[in-house]
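Which chain is which? They are A, B, C and D, in the order written, and residues in each are numbered from 1.
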Amino acid sequence: MERPALSGTIRVRFFARYAELVGRAEAAVAVSLPATVGDVVRRVREQLPGARAIPERPLAAVNLHHAKLDASVGDGDEVALLPPIAGG
Amino acid sequence: MERPALSGTIRVRFFARYAELVGRAEAAVAVSLPATVGDVVRRVREQLPGARAIPERPLAAVNLHHAKLDASVGDGDEVALLPPIAGG
Amino acid sequence: MSYLTRAPIILDELLATVSSPECGGTCVFLGTVRDGPDEHGVTAIEYSAYEEMVEGELGRIVTEVGERWSGARVAVRHRLGLIPVGEASIAIVAAAPHRAHAFEACRYVIEEVKRRVPVWKKELRADGSETWVDPSGRPTVRPSDLPTHV
Amino acid sequence: MSYLTRAPIILDELLATVSSPECGGTCVFLGTVRDGPDEHGVTAIEYSAYEEMVEGELGRIVTEVGERWSGARVAVRHRLGLIPVGEASIAIVAAAPHRAHAFEACRYVIEEVKRRVPVWKKELRADGSETWVDPSGRPTVRPSDLPTHV
């Protein structure tokens, strides 16, 4: 017997140039679980106007830590898409 | 025919612990020319009370530049005998 | 205390937080907004950040300094908002019993900031144009170089 | 301007002398009088120097920095006289278009000061004793390592 697919809501945050491209600082994105950062990026690029201009493989963070695109995410996690870092 | 021996007067300066050892900050020392820094050091150690405690091969400067003991000196030069440097 | 400020950075305050009678050497790094030959008339830079993550990442970097250089004390302040040319965007102060460690710890912090700390800058020019700075050509961070999210 | 002072060193004055819109990175080194585990109750250090030679030697070091790191700007101040624990005996400020050069230039100056600049220190302790500091055990200058008098 198949288990029903679980879904989760990810809080996605945009900064600097990416925030300008999508015209917003954050969005809630629904994904089927299990999911990865890469899945979230794909959903964002499909769903949000302007988000195609974000690279397919952007720098990302999950819950305030740098994360690779294959890192898993769960319901309620915060995923941030980070333009090239230019601090200091 | 031998030329008469030339002699020169060297101003010798003492600093820090060396000045304490000889009880003075400077002295005039006569040497036969040609002479080297090493010759000046030998005269100083022979002639000045307390100067035996200065090493036979101290750090030295001639006219405000570091100099080796075999550097030549002439009449009117300033030779400084420098304890181990501890600046900064 | 926050690692971020929107006011001008006061170096003496940072120096006071790390000073200790056991530390004989202190190394400071100041990053200042530049208008050099590569910048073409920059008048100011607008700095923005993922502020909560900056706090976490800088806290981790400071902890790493304490683990790598025993006895080193470090303070960091990054300024956000509009910073005019000539003023400091970041100040790092590292004190250690011996000077080699002070230099190494200070250098470590700025290199890790450039690599890991989510801050962005937009250059503002006298002609009204604005450019997001992308430090391409310089080594940029790749996700594979960074600690993985667990 | 003299490289020597008997008054407390004011870092902001030195920073002002090297600041330039083309220099994005500034590295500072501060050497402070220490009372650490090796110092056994030092309350102050009396610094003395061969002052005319210090001026010449520091001038040569500053010139060398300009030759090695094009575009770098450096300022140095060494304090003499009685300096209490915690106060700076030396401040070196090096600004450069890029931070690696600022760090390298600053480090070069302090290493050359330790090697070449004729300054001496006598540690004063709470018990009234005094000791000339001889940095033996650390690499000390040898005449053969230094430029020869011509």
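Note that in this section a contact is a pair of C-beta atoms (placed from the backbone, for glycine too) under 8 Å apart; a residue touches a chain by one contact, two chains touch by 3 or more.
Keep in mind the model is a prediction, meaning the values are calculated, not measured.
Student: What shortest step count links chain A and chain D in the network of chain contacts?
Tutor: 2
Student: Leaving out chain C but moving nothing else, do the remaining chains stay as one piece, and if not, how do they split?
Tutor: Result with chain C masked: A | B, D.
Student: How far is the middle of chain B from the middle of chain C, if each middle is the mean of its Cα atoms, in Å?
Tutor: 51
Student: Let me have the rounded angstrom distance from the C-alpha centre of chain C over to the C-alpha centre of chain D, please.
Tutor: Measuring from centre to centre gives 25 Å for this pair.
Student: Could you put a whole-Å number on the gap between the CA centroids of chain A and chain B?
Tutor: Distance between chain centres: 76 Å.
Student: Can you check how far apart chain B and chain D are, centre to centre, with Cα atoms defining each centre and the answer in Å?
Tutor: Here the centre of chain D sits 26 Å away from the centre of chain B.
Student: Counting only residues that touch at least two other chains, what does the list for chain D look like?
Tutor: Touching at least two other chains: 31, 110.
Student: Please set out, as single numbers or ranges, the residues of chain B touching at least two other chains.
Tutor: In chain B, nothing touches at least two other chains.
Student: Considering every pair of chains, which are in touch?
Tutor: Final set of chain pairs in contact is A-C, B-D, C-D.
Student: Under the definition above, what is the set of chain B residues touching chain D in their complex?
Tutor: Residues 13, 15-17, 37, 57, 59-69, 71, 80, 82-88 of chain B touch chain D in their complex.
Student: Which residues of chain D touch chain B in their complex?
Tutor: Residues 31, 47-50, 52-54, 56-57, 78, 89-90, 110, 113-122, 132-136, 140-144, 146-150 of chain D touch chain B in their complex.
Student: Show which residues of chain C lie in contact with chain D when the two form their complex.
Tutor: Against chain D, chain C makes touches at 11-12, 15, 19, 21-37, 85-86, 97, 99, 102-103, 106-107, 110.
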